[in-house]
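Across the two complexes that follow, chain A remains constant while its partner is chain B and subsequently chain C.
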Partner chain A sequence: MAQKVLIVDDTAFMRMTLKNVIEKSGYEVIGEAGDGEDAVSQYKELQPDLVTMDITMPKMDGITAIKEIKQSHPDAKIIVCSAMGQKPMVIEALNAGAKDFLVKPFDAERVIEALKKAEA
Partner chain B sequence: MRDPKLDLLQELGNIGAGHAATALSQMLDGQKKLQLIVPEAKLIPFEAAANIMEGTEEEPVVGIYIQVSGDAHGHMAFILPLDSAMAAVELLTLDSTGELNEMALSALQEMGNIMITSYLNALSSMTDLTLTPSVPGVAVDMAGAVWQSILAGAQVAEHVTLIKTDFYTDDDPVGGHILFLPDEDDFERIARILGLGALG
Partner chain C sequence: MDTSDFKEVFAAEARDYLQSLNENLLALETNPDDIGLLDDMFRAAHSLKGMAGTMGFSALADFTHHMENLLDRLRNGEIQVNTEVANLLFEAVDTLEAILEQTLAEEAPDDTTNLVARLSSIQDRAQGGSDGITATTTGDSDTTVHSAVPELGDRETVTSRKLVLDEFDKETLKQAKEQGLSSYRVTVTLKDNTLLKSVRVYTVFQALEELGSILKCFPSAQDLEDENFEREFSLLLTTHADADEVQSVIEGISEIESVLVAEPSQLHLTQREQGTETDGQGPTALENAGPEPSLINSQGDGDEDSNSNGLSPAADVPSPQKGGDNSSGNGSSPQKKGRFGDKFVRVETDRLDKLINLVGELVINRTQIVEMGQQFDDGDDQNTIGQLDRITTDLQYAAMKLRMVPIKQVFDRFPRMVRDIAQSREKHVQLELFGTDTELDRTIVNQIGDPLVHLLRNSVDHGIESPSERIKAGKPEVGTIRLGARHEGSHILIELSDDGQGVDVEAIRKKATAKGLLDPERSSPLQPDEAVRLLFEPGFSTAESVSDLSGRGVGMDAVKAVVESLSGTVEMHSKPGQGTRTTIKLPLTLAIIKALLVRADGTPYAIPIQVVRENLLITPEQIKTVRQKKVIMRRGEVLPLLDLAECLGWRPAEIDGAISVIVVDVRGEKIAFIVDDLIGQQEIVIKSLSDLLGDIPGIAGATVLGNGQVALILDNSTLIRQEG
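Up next, the complex of A and B:
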């Protein structure tokens, strides 16, 4: 059965781009969230196998969302996809429980590679 | 003698903009080969800041702007002519209708966000300062109006340090300006970190 993915990004364009890339590789995108709060509630509701998480978002940023999701679901597999690739931010995301950190702009293969690694 | 601070700012602008250009090139690449050049990173004295769009004030543009916080503060913007923005939209979304719809604005917002954040990432790795971008805003208006509202948002008092870099592509479609307004006090700190000592 296809692995289920939740995409979290505040721009519709990036959600569309990620969805195209992810679905082409045989994953099923079961939800899209536009901010951290939405991500936390959709995670609870949909129980995805994998999550792609942006950092800079309105209402709740991605780091806070990772922490909240991890608190109730310690096994959550989350990959960060953010333009904000500064070292302290990468370390903070990994400490919060992210499996990988992709800096935008990224290429399609790198996204799939990270998903495969996270699901293993 | 030229102020060493200006040289440093220009160099920071060159490196930051170089990274932003690379990011833009990566985003647009694969659909069309683009060559980006960064011909000028200049410092505009502040009295002139309000007039930097002179001559093109009435040109329709798209502006993407971000507030910088963290270890240093400032404002950044990416401003590009509307036709250039639409060329970028076509390359990013493969939508050639020329409509500035919601998805087009979203693509431009993300393009500006990635470029500006790449610029900040480069400055961060040079200085070891965390430079956190805000969620970007997008405006579509005449160049003069967009720039005035960015300056107003930056709450510039009587002095502004401005690094402006122009972008071109050799076979035209996408070009624009990337602007960085660092907070003066924080800039002094950056200069010290980079070994320039006390600046007069």
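Up next, the complex of A and C:
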């Protein structure tokens, strides 16, 4: 069965781009969240296998969302998505329990590699 | 990578680093033992070097590298900070600034050979050797600079492949073996085009820390964090796991091209490097001096290992568990960036101006719509229009806030400047700054610098006495200059005071008499405030000699002119023997001003309200003629009377019946202008005339009135000069 992915990003454009890449590779995108709070509640509801998590988002940032998800689901597989200049935040996200990170602009191959490695 | 896009960001950040270097250096002068300051400076220089390297600015990177070397030795306590070192560092920071600006302007950077030699010579003296200096001082500047760049590069690649263990590491390995742990040398190659390499390295470290402990890494953690490596790095791991396990854990990480897990002794044979480096100075030279660059201890001979002992940083491994803390020790810049990155965005000023300009347009349209709305007395429409009105006003204020910058930007450079002047005058001066966070219009901030510089120079030059004079006068040896800014209503007050000798009334009297500004026959003594007023007279300068600081032929009148061009006022009070206080009062913003609207030859004009003294109605009989020029008498004063329309090249108003006249006062010069009539007083948004029109004498800009009509804003000082 196809692995289920939750995409979290505050811009619809980025969600669209990611969804396109992810679905082409045989994954199923079961949800999209636009902020951290939404991500946490959708995670609980949908129980996805994998999550791509943006860092800078309104309401609740990605790092806080990772921490919240990890607290109730320690096995959650989350890939953090960042921009070039966000090194300290990526490290914080990794410390919070993210499995891998992706740097924008996304390279399709890298996205799939990250998903494959995270799912293992 | 096309670095041109990053140039602006680079420039802004590099200037920040320079400013912090300057500030820390000043602080260091008073606290020469503060290692924290040296650490900060070292990191600033290091980051600057890295940034310059990334941009391909080799002259900048190279010079920063030399500075960084010296700072490194200073912070390690190998060299003590004294006046000579401090002065050299000041000079280096200045040079750095010059090279930076030249590089940004794509000009050839200054020759730094001499300074670099002196930077090295201080280090060599501390070392007791002088081998390094001959290498840098011989040869012409070009070859020195260029040869230095690859040397820097070589050294970094060489160290990146080195794996040198010290006694401590060997001992740890031995203990690990006794505990039944295995040791592996893990060499990881990242995929091409890996982004955020340092973070990728971090994930590898994070994964391996789960298996065991990382004893050492190559290149150093600092270099890994700063991404001073190509694609390959290696580390020494002690673990319970076997080689295959280690291998598969790393292969499970993204962006890994290849992993090599090997027993340390095997690696020694396979990874042997040829010692190709010719680097003749610095600690790395010692590392390379051995017969072969030993990678690991098992076969290494004792001498070589003791050479390297202590030279490779021992506790250099980043630990994922305390990643946050780690970065504070190894380089504050990324963390700092993160912290400020959240709160601030760098925006080009042009974009900001465009936004503010657009908001200005919107405000004008708002006024028109509100006026139109009043014609239709419909409740709903009124509501909507009222809302539009409020939102636009809020937007306008928000946009105005964008123009505001803290005065810190100007004040920041003063401590250094005052220090330099005081030193050259052999005076002891301390500068105290207050209210540096006070915000005011960017245009004002950009222009207020020069007048303040002038006032500060005057204070140090003429105000503060020499130490011996001060002691004689019963004052503390160190003079104090206080510079502060604060809000007062819709104005900003900038106050500069010193505890010096006050203005020299006698000198002013002599000078003013000589310049014909004062009646030589005058017998009554000159009062201090009167003397101060004379200081502001055009062409008056008290400097006895033309020093490189004060007295460049620009006196207090120039200060006054700048302040007044910013719609401000300047006042000075002086008490003999106690000091001088200068207060500059400025409006918060220049984008919106209060103006009096008048009509001349049928066209509306705006006159900034602060220059308008009064408006009156006169009869033709009140116009007198003195030396063929029209004048009016007003409270015993004879005011020249001009026709505004005529001044602007239009048809003069007919002199008949009641004539509207406005009296303007620009820098003490009063002139009466005949106008058609007065329209009223209102706040106007200043728009500059387009480049197409250029500078038109007498016109400061334009504004659009509520009815859509354009009114030109008159620049009175220009008007007066034109007619004077």
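Just so it is clear, the second predicted complex is superposed on the first by the 118 of 120 C-alpha atoms of A that agree within 3 Å, B and C clash if a C-alpha of one lies under 4 Å from a C-alpha of the other, contacts with A are read in each partner's own complex, and residues count from 1 in each chain.
Keep this in mind: a contact is a pair of C-beta atoms (placed from the backbone, for glycine too) under 8 Å apart; a residue touches a chain by one contact, two chains touch by 3 or more.
Source: prediction; values computed, not measured.
With chain A as the common reference for superposition, the partners chain B and chain C occupy clashing space.
In the superposed model, A:M57 lies in contact with chain B only, and not with chain C.
Of the two partner chains, chain C is the only one touched by A:N95; chain B is not.
Of the two partner chains, chain C is the only one that A:K117 touches; chain B does not reach it.
In the overlay built on the shared chain, the residue A:K87 is in contact with chain B and with chain C. Between chain B and chain C, the overlap after aligning on chain A sits in one stretch of 26-34, 62-70, 80-88 or 98-106, namely 62-70.
Across the superposed pair, chain B and chain C both touch chain A at residues 84-89, 103, 107.
Those residues of chain B that touch chain A in the shared complex are 23, 26-27, 92-93, 102-103, 106-107, 109-110, 113-114, 117-118, 120-121, 124-125, 130-135.
Interface residues of chain A facing chain B in the complex, by the touch rule stated above, are 10-14, 16, 56-58, 83-89, 103-105, 107. On the side of chain C, the complex with chain A involves touching residues 193, 195-196, 198-199, 202-203, 206, 252-255, 320, 323-324, 327, 334-335, 337-338, 341.
Those residues of chain A whose C-beta lies close enough to touch chain C in the complex are 82, 84-92, 94-95, 100-101, 103, 107, 110, 113-114, 117, 120.
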